[in-house]
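Structure first, commentary second.
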Amino acid sequence: MIELVEHPFDAGHALNAFLARRSETGAVASFVGLARSEGGWTIALELEAYAEFTHAGIAAFAAAATERFKLQDIHIIHRLGAIPPGDAIVLVLTAATHRREALDGCDFLVDHLKSRAALWKKDHGRAGARWIEPTGRDLADAARWEAAS
Amino acid sequence: MIELVEHPFDAGHALNAFLARRSETGAVASFVGLARSEGGWTIALELEAYAEFTHAGIAAFAAAATERFKLQDIHIIHRLGAIPPGDAIVLVLTAATHRREALDGCDFLVDHLKSRAALWKKDHGRAGARWIEPTGRDLADAARWEAAS
Amino acid sequence: MTRVLLFGRLSDVAGWRERAIDPPPDTLAALRELLRLEAPELGRALEGPGIQAAVDRALVLGDVTLSPGAEVAFLPPMSGG
Amino acid sequence: MTRVLLFGRLSDVAGWRERAIDPPPDTLAALRELLRLEAPELGRALEGPGIQAAVDRALVLGDVTLSPGAEVAFLPPMSGG
């Protein structure tokens, strides 16, 4: 399941719902990305998406992750709009029989969300606003899944 | 924080508590290990520990992970005693400024819990009971952190 | 009528996020030329590194024909999570 | 008095998990010999691959001296998570 939401979400509730009724799952990995205050300089992050296009793009690499890591299930929640420091931006959950698949699948999805999902992030700070582009490390992190495949 | 508990624990509640008041954390990774039913063959897993010795051993590699991956915080809950299929055995939570450190720190801790924590696991199945020893993959997974360091 | 969408910093450069253009241009290249003539700064930004175009919600490379009711989006480098 | 603890499959082999041995043996080797004489199967299991010994909650290699109130634990390969 992939959700793009305009409001705060409850990561713990989503984790518990994902864990329920899993008698053949051995491993659930998760990742929560949070907005940082940067020592008080950041007032809010603003996340923008292209609705169905964004959803379809995420669904495509989620399907690739499911196949590659033999995942039993995925749940992604990505928040949009203004996000204050301390709030969760994104939650990724993966379920698999064994730990390696769940962990690597989660890692793959996080790297792809960072630089290959149709999302744009603006930092609204005390010193003004600026759009954040993926760093060299972000691009290299996503590319390592191609080299290894 | 490291907890060895004799009763079911609430992973979602622990995640939310861990996420609270984190204005300078950019990434929280987590892992939940669950008891599998194995198609109905497993009635319960039994986890045994050597109390303070187990706690001290886990604390030692948690300290190593904190240093190596520059983690801001760790929370580990490991359940002991009889654990029915579908229940959580272990929860690992890591917090860091950036995603790579949080994910790799979580991965390191899970690998070490699997074959280097003083814990012993017995499978109580329909076909009898047997102690589970770490697999070749478990040992190789833990060893890869030495090769890479 | 062609619907044009700008994302991320492109909408800051242009001063708008969504526009309808009528009569509709026949090709993506004609749309780019029209936008460049009207606002040179936006025209340059659309040619900048890492800017992708999507027509009717599919990424395209180079020039393509536009149907009269096409939706064209210009996308800066993606940055989620 | 020496306190002896067995974990995992070792306690199944021995039929006990914890025992006090009095008078206390002077060394770990003497304790192993005493356990082996009493229960050869346990003695063999204690020498098996991957079995570690901890004295007063610290892992030890080879033989060591035991204080009179020592706690000795025998640990099969660890398997958590």
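Structural remarks
All chains are identified by letter, namely A, B, C and D, in their written order; residue positions are counted from 1 within each chain.
The criterion applied here is as follows: a residue touches a chain if its C-beta (ideal position, glycine included) is under 8 Å from a C-beta of that chain, and two chains touch if they have at least 3 such contacts.
Computed from a predicted model, the values in this text were never measured in an experiment.
If you take chain B and chain D together, no chain is in touch with both. Per-chain Cα centroids separate chain C from chain D by 75 Å.
Averaged Cα coordinates give chain A a centre that lies 49 Å from the centre of chain D. The distance from the centre of chain A to the centre of chain B, with each centre set as the mean of the Cα atoms, comes to 22 Å.
Residue positions of chain D with contacts to 2 or more other chains are 81.
Multi-chain contact residues, meaning those touching two or more other chains, occur in chain A at positions 33, 99, 110, 114. Pairwise, the chains that make contact are A-B, A-C, B-D.
Listed in rising order, the residues of chain C touching chain A in the complex are 5, 7-9, 12, 50, 54, 57, 73, 75-81. Interface residues of chain A facing chain C in the complex, by the touch rule stated above, are 33, 47-48, 50, 52-53, 56, 78, 89-90, 110, 113-122, 131-134, 138.
Here chain A touches chain B in the complex through residues 10-16, 19, 21-34, 36-39, 85-86, 88, 97, 99-100, 102-103, 106-107, 110, 114, 137, 141, going by the rule given at the top.
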